[in-house]
Every structure is written in structure tokens, then in C-alpha cells.
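The same chain A turns up in both complexes below, where it pairs with chain B and then with chain C.
Here is the complex of A and B:
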């Protein structure tokens, strides 16, 4: 009986993992297909399509996406930590309302938000910011709830006795923030910043309204390309951006993300 | 210049209108090990937090070395603090933890190194400097916390139930060690605990707190021998507490008529006619042989043994001396020949000096 249950358990896990990874495997396989039609399980392999990725057509959108995602991660990281600090650590009046306001973008569909931003910009006569500035602002609004939430949770779990211990040892407020509070919430904040980067890098529904023709982000370039052709280059672009995202996650992990949170620095 | 490290002058504290500490007056001389002892909710931790500066008194004055502290934030009070949950900084090594206080003050690196080594030596953790707190046992972590608190040489060390998270054997070993460290550093220790054995073992003076006020203070021995109130007698050590119906001053002794019985106990405590209860420690009651008749202690009571509990070092007897009145008696196991049978009749002897009158 027990063995049957164990078998079912592992079977369930295998099914879930297959369900998650199979589509990715299809894309990887398609990107390696020698024929220009997209096929799954080709019998011959080639990496020739990856050579196309260095063409301006893909490189420019990729660089723009990285630039925007980096700025968005930075801005929402700083703002998220400041917001969480005010709400959780200082407990300023109206904390609950402020937190609810900060998290509210999560409840509005992105398409609606995109339309709203475009309309708003044209009403106040600021169409000129469309493109990179508008993309950065919109992505920050989108990513901020995640960073704030992660930073707030880390701060809420922070043991107040550590702060009191530092205080009794003569540490001023600035010193306590620098040496105790920030290092303690760093893993949570880095996780939030990683999310912010990925959210910005992958975004389509908001970006589609805000990009300027001829100066698009990578996901929008992919959408535009897909309208006319579906070929292995497409698959190669997707595989490359997938690898890039994994590399970003790995990098943040190294700096001290989730695993540091689990092991608490006792390396 | 007075010689008190800490003075609390008519200090009161209430939270949301509920009084937690009421009109507390306390003076702690330099170099003393003082325990604030009391059950949870008696206001002892609030008192400690007011000394440390984390709570502001609603009324009254906290003074450190004669200087009022009411407007001084915790970080400028120069007091060391040790917590029950250690509160070590997990992202720093042991040496960085211990050196933290000096580092925040901008002490030169070389000096910090020496101070860290000295502090770790005094808690017998030399060589542990490069480890992280998580790699240490509970007892070691608490010693690091102690080293961290004493490294900047504070005027006073405040300890908030620091041994409560440790297991019994370690707790007993740490008691001795803490006392030794305190004597060696000649530093004033204020130690908050609910554990009366702990307070007894280490303190020069015990302050028993109850309901936000001081119930009694004094040397551990005198608190144990002469508890002033019913609460102290009950909380510190074990005791038989008897209600007194009437007390009559005699020529040599006070005679206490025990409520609900015909028993009259003689006490040489200076009581008065308003005495309402008295206390007898279980170990001060002796079992008398028939041959002792006429000699020995003044108070003699006959009773029946109702229960025998073996406690290892002692045997505890519950002896019914009157209808509805039983006394707990402790007999050392080494004298097991004295232990009577269940339901047998025994004679108890109580010296008048062991009958303490209590106020309420």
C-alpha cells in the first residue's frame, strides 16, 4: 500500500515537471531544426539560426530591454525598500492604507493600464515621453508591489531584539539601518528586485502601448516578427532570452538571494 | 557623588491606561549583582526596559550614576544588554558581533581586536572569533551575547532572563560562570528572572516584584528565611502558609491561633495582633521520636502521614495535623530510617524561630 502511494507521489511530480518543461523543450528543439519550418523532434541539428541573433534586428531590442529592466529593478528596489521601511519599521500613520495603495496596481489588468497611460499622456500633452521614459515609469508601477511586499515581509520577520541589541551597543539609527536592518532584509529585497527585472524584461501588455515604432523592446519585437513569420530564428530568440533570464536569477542568487535567506549567512 | 549605579525614583509606567509599574523606588549600588525576581506580568521586564531606555517612564526618574536618563536615548546610555533569545547578528562572525559596539563608536581597529579577544577569553570562547553564530550551541551563543555586551565596558549590564532558553544542566553551570564573570569584571549586573533558584544562586541582592511594585528586597538568605508577605513566602521557595485567627503577645513568644483548628503555634517573630498568616518552611519541620518528649523544639504537633513523595535528595511527607490542615515536611533521604509509614502517626517539631509571621 505504502509503495503504491510512493509510486503515485513520484508519478505526480514527474507529470507536473513534464507539463512545465515540455513546451520549453519544444522551443529548444525547434530552434535547432535545420529546415526553415518549425518542427518538433527534427532528426538533424544545427545552430545556424543562433547566428541571426547578433543582427541589429534582435540585438537592439535586447539591449533596450536590458537597459529598461535594469533601471526598473533599481528604481523599484529603492522605492520598495523606502516604502516598506516607512510602513513596517516606522509604522507611520495610515500604514495600512498606504500599503493597500502600493499594492493596488496588481488588481488592474495590464491592458487597461496600458490604455489608461496612453490616454493620460495624450490628455496632458506629454506624448513625447512615449518610448523609454514611459516604459520605465509604467514598469516601475507594475513591479513596485512585488518589491514592496517582499521587503515588507522581510522587515516584519526582522527580530526587533537585534535592533535593540545594536542600539544598546551605541549604534545610532543610521548605523543600525546600515549594519543591521539592511543586511538582514537584503535577501528578500534582492528576490523582489529579481522579480522586478524579469517582470520588466518579459512585459508585453503594457509595453505594446508605450513603445515607439522602430525602437521596441525584445518581447514586442518578437510579437511583431510573429505576425509575418514563424521560423527557427523565432525559437532561437526565445531560447536565448530564456537562458538570459536564468543567468540573471543565478547572478542574484549568488549575490545573496533565496539561498542566503534559507541558510542565514552561516556559510 | 553617590555610589549608586542605578536609581529609580518614584517610577511609574502604564500602557494604554493600565498601570504596569507603580511608584517604584530602587537603588542599585555599584558592583552589585541584583536580581529582579517575579512571576510573568509583574512588571520586571518593563522596569528593565525603562533602565535601558526602550520604555519611557510615565512618571518618575531613572538615574544612572546620579544623572537623570529620561531624555537620553538607549544608544547613549552606555548600558550592556543581554536577551533571552541571544539576539546575535546572524550575518556577522562571532568577532564582528563582539566588536560591534566598539566599531560603532569608531574605536581604532587594533584596540577593537584586543577588546574582542579579552571579552571572548572572559567567557571562555577564545578561538571562536571566525565562526558564525549559527554554528554554535545555545550556551555558546549566550556567552557570545555576554561578550558582546561587556566588550565596550558598559557601566551596567542588564540581563533579561538570559538562561531561560538553555537546558537545566547548562543553566546551572552558567549560573556559576555568570557570577564569576561579574566578580571578575566588578561590573553592576541587573538580572531579571522568574526563576527563584537562579536569583538565589547568583545575587548579592534580590528584589521581589509583584503587581508592579517591590514586594520585598534583601539578601537571598534573608528573603528566604524572613519572607515579609504571603506572596513572597509562596513565590520564593516552598512553604506551608497558615491562616491566623488571632495572635496573642506572650511573655516570651507570640501565640498564633491557627484558623479553623485548635492549634496554637508559638513564634518568636515580632508580630502584632493584626497578623493574618504565618509561614513554615517544609525543611524546618522535624520528626520527633517519643523519647524526645519534654526536650527540643517548643511547638509539637501530632499528625497522620497522608502522602509520601520521593524527590531523590529529599522525601516529602504530607502530614494531616488537624481536620482540613496538612503540613508539607521535607526529610533528607540520607536519614531514610526516619521516614515513617503511610497512615502512621507522627509528632512534628517546629522551632518558634522558624514560624514567620507574614503581612498581606
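Here is the complex of A and C:
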């Protein structure tokens, strides 16, 4: 009985892991498939589809997505740290309510935020900002609560005694912020910023309302193309963008992100 | 949802510090007011207005409840989200149990395999399922080659495809919440039961499952809310034949340009999500109240 159960347990895990990895494996296989129809198991392989990635059709949306994600990560990083600083470090009156307000966009589905923003811009007659400016604003609204929360958690968790010690040794507030507070919260803030970059880069539900012809982000270009063709170029685009995301994570990790945070210090 | 302990700062804030505190808060508040609060207000206002004349009306709501299409969309969204929630929790449970209890060196690999797809983005994974489930895709192609079926099985552009795709998208989150909950169960309870002669099955039935109910509930809720608000996966895997609220909202805004009605649909989706989160919060508060009662009674 126990043995049967153990076998079933391992079988279940194997099946679930197969389920999880199957579509990824299929996409990688399809991106190397020589035939233009995506069939099962390519017996020969080619990298010709990756050559197509440099065509304007994919390069333009990619560059726009990178630009938007970078700006969004920057803005939400700065604003999130400032807000967390005010609420957690300065403990301004009403901080609990203010924090709830800052995090409130999290409880609204993205597609609803998207509709709301596009209706608002149309009503006030600002359709002209659709495209890059609207995308940046909407992605900041999406990313800011996450960054604020991560920065606030870092600020709340760091050892206040260090700050107090510095103060009693005569450090000015500016010196303490620069040499103690900021370095201590750096890992948390960096992971927040990385997260902001990724959710902006991969975003669909907000972007789908705000792009306009000639101003399209990569995921939107991909889903528009997928509506009528499944050819292997798509697979190549998808694999390349996944590799790009992994590279971004690796880069931020090198600058001093997540693992430093796991080990509880900045250095 | 998120509780952030407000740590003691170095000094009591003085009056000028407070002013500067409000000043550094201003940019965030400004951005969220202009691009979140005002749009949400506009959307709610639009739902009570005629899109052409901008005169107040309840017609949009009336249409939502009398028009079979939108109620069908709401119903499909609910059915899809419930199925995804159940699939995620059932599939995630064994993996979560393994991750919570295993000391083996394979654990890190299983963890990476279970969570790495989250980095791949929704489009890549949905595209993978499209290739697999299409009429001329991986599964149908293989079955037809082998002569098992003569014509393709209807695996895509329906509820089945959307549930498969969304389960895949949401599964890592379900696994994470279940793992955390199972890790919180004292392993000694299982050992004790086994030493007293309980079979594996009864240990699972009488100890692990009941104690991990909070994790199961949170996995169901997370999966439901993520599925109900998903856009890209239902759009690509459901297509025109399986429309849910999210994809119908998109159509209303971009094809029919019926803002009032789009606003009503968005509000319906929002209310459904808030109701589910409310249930979750109520469950949590009741549970912690019960627990503190029990602890209070025992001591």
C-alpha cells in the first residue's frame, strides 16, 4: 500500500513537471525547426529563424519595450523609494492609510486599469499621448506599488540601531541616508526595480489598450502576429526575449540584488 | 494582504522632517492620482453615462443584465476561473509537498523547474500551448500520424485549451503558496502518527490535508483571481469561440468603441475579484480569531 502510494506520488510529480516544461521545450524546438509549419519533433535543425529577429518588424518593438521598461524601472524605483522613505522612515502621520492608498492599485485587475486609463485619456481629449507616454504612465502605475512595497519591507527590516549609532556619533541626516540607509535597502530596491523592468517588458493587459500603430511593444507585436500565424519566427522571438529577461536578471543580480538580500546584507 | 511593520526610526520626526516627508511622498501620490484614481473615477462615471450624449443613465447596467451575451461571458469567466483554481491546487499539491519536505539534492532542480517558467512570460507559454493544441499541432499531428484519429480533436479555441494554458501560467503561484503552508506543519506530527501505526494514506487524510487547508484556500483564491483577470491566454487559446469578460472588455473598447458598456463589464470583473478577495480576508480573520480563542482557552 505504502509503496503504491509512493509510486503514485513520484508519478504525479513527474507528470506535473512534464506539464510545466512541455510548452517551453516545444517553443525552443519549434524555433530550431527547419520547416515553416510547426510540426512535432524537428529531426533537423536550423538557426535561420533567429536571423529574422534583426528585421525592423521585431527590432523596433523590442527596442521600444526596452526603452519603456528602463524608464518605468527608473521612475518607479525613485518614486517607490521616496514613498517608502516617507511612510516607513519618517513615519508621517496617517502612514498606514497612506500605505494602503499607495498599494491600492494592486487590488484592481490590470485589464480594468487599462480600460480606465484609455477611457480617461479619451474623455479629457488626450488620445494623442497614446503610445509611448501612456504606456510609460500605465506601467509606472502597475510597477510602483510593487517597488514601494519591497522598499518599505527593506526599510522596515533593517537594523535601526545602526542608524541610531551613527546619529549618536554625530552623523548628519544626509550622511546617515547616504552611508547607512541607502546601502542597507539597496538589495530590496534593486530586486523591486528588476521586477518593475520585467513586468513592464512582458506586459500585455495594459499595453493592449495603449499601443498605437508604429508604437507597439514586443509582447503586443507578438500576440498580434500570433492571431494569424504560428510560424517558427514567433518561437525565435519568444526564446530570444526569454534569454534577454534572464540576462537582465543576471545583470541586476551582479550589481547586488537578490542573493545579497538573501544573505542579509548589502555586501 | 501585506503587513509592513513600521520600524522605529532613529529619531522622532520633527516638524520640518514631516514636511519633507510629505514632500517626498508627493510624486507617488500625484502619479497614482492622475493615472489610477482619476481614471478609475472616470470609468465608474462612464458606466452611468450614455457614451454619445454623456447624459446620466442606467441603461448600460440594464443592458449588461438583460443581454444574454455579457451574462454568458461572466458565467464563462467564473467557470474557467473555478476550473483553473482546482487544477492548479490539485496539480500543485504533490510538488508543494515534495518541496516542503524533501532534503534531497534534487529539490533545487524541482524548485527551478517548477518556478522558472514564470520568467518566460505569458506569451511564450501560451504560444507553446498553441503549437501543442492546434488542429494541426503537436498532439493532433502525432495522433493522426499514428492513425489513432482521422480528423483533428477540438483541443484549441475552447474552454479546455484556456484552462490548460491558464493552469500553466498560474501553477507556480499555487505551488509557492501551498509549499509555504505545508512547511508550516510540524513534521513531528507525521512521524508520531506513523510510529503509532497510521498508514501513509491516513497520515495524508487526517494530518497533512486538514492542516494545509489555509494553504489550499489561498492557492484557490490566488489562482481564481489570476485566471479571472487574465487577458492574453484566453485571447489566444480561446479566440473568438470562447470569450471571457477580459477579452469582451477589450472588444468593447477597441472594436465597438462602446465605453459605457465596457466600463460596466470592467466593473463587473472588478466586483467579482473584490468579492473573492473579501472572502479570503474573512476566512483569514475567522481562522486567526478561532486560533487565538483556542490558545486563550488552553493557557
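Here is the rule we go by: the second predicted complex is superposed on the first by the 242 of 267 C-alpha atoms of A that agree within 3 Å, B and C clash if a C-alpha of one lies under 4 Å from a C-alpha of the other, contacts with A are read in each partner's own complex, and residues count from 1 in each chain.
Note that in this section a residue touches a chain if its C-beta (ideal position, glycine included) is under 8 Å from a C-beta of that chain, and two chains touch if they have at least 3 such contacts.
All figures in this text were calculated on a predicted structure; none of them were measured in a lab.
**Student:** So, A:91: does it touch chain B (first), chain C (second), both, or neither?
**Tutor:** Second partner only.
**Student:** Can A:117 be said to touch chain B (first), chain C (second), both, or neither?
**Tutor:** Touch partner of A:117: chain C, not chain B.
**Student:** Taking the superposition as given, does A:175 touch the first partner, chain B, the second, chain C, both, or neither?
**Tutor:** first
**Student:** Counting only touches as set out at the top, which of chain B and chain C does A:102 meet: first, second, both, neither?
**Tutor:** second
**Student:** Check the contacts made with chain A and report whether chain B or chain C touches more of its residues.
**Tutor:** It is C that touches the greater number of chain A residues.
**Student:** Considering only touches as defined above, state whether A:167 meets chain B (first), chain C (second), both or neither.
**Tutor:** A:167 sits against chain B and chain C alike.
**Student:** Determine where on chain A the residues touched by chain B overlap those touched by chain C, and list them.
**Tutor:** 164, 166-167
**Student:** Mind listing the chain A positions that touch chain B in their complex?
**Tutor:** Touch residues, chain A against chain B: 159, 161-162, 164-172, 175, 179-180, 183-184, 264-267.
**Student:** Please name which positions on chain C make contact with chain A in the complex.
**Tutor:** 1-2, 4-11, 13, 17-18, 20-22, 24-25, 27-29, 31-32, 34-36, 38-40, 42-43, 46, 91-92, 94-95, 97-98, 110, 113-114, 117, 119-125, 127-132, 134, 136-138, 141-142, 168, 171-172, 199-201, 225, 228-232, 235-236, 246, 249-250, 253-254, 259, 262-263, 266-267, 269-270, 273-274, 277
**Student:** Where on chain A does chain C make contact in their complex?
**Tutor:** Where chain A meets chain C, its residues are 1-2, 5-6, 9, 12-13, 16-17, 19-27, 30, 37-40, 78-80, 82-83, 85-93, 95-96, 98-99, 101-113, 115-123, 137-138, 140-141, 144, 148-149, 152-153, 155-158, 160, 163-164, 166-167, 176, 198, 202, 204-205, 208-209, 219, 222-223, 226-227, 230, 234-235, 238-239, 241-242, 245-246, 249.
**Student:** Per the contact definition, I'd like the list of chain B residues that touch chain A in the complex.
**Tutor:** 52, 54, 73-81, 83, 85, 87-91, 100-101, 104-105, 132-135, 145, 148-149, 152, 158
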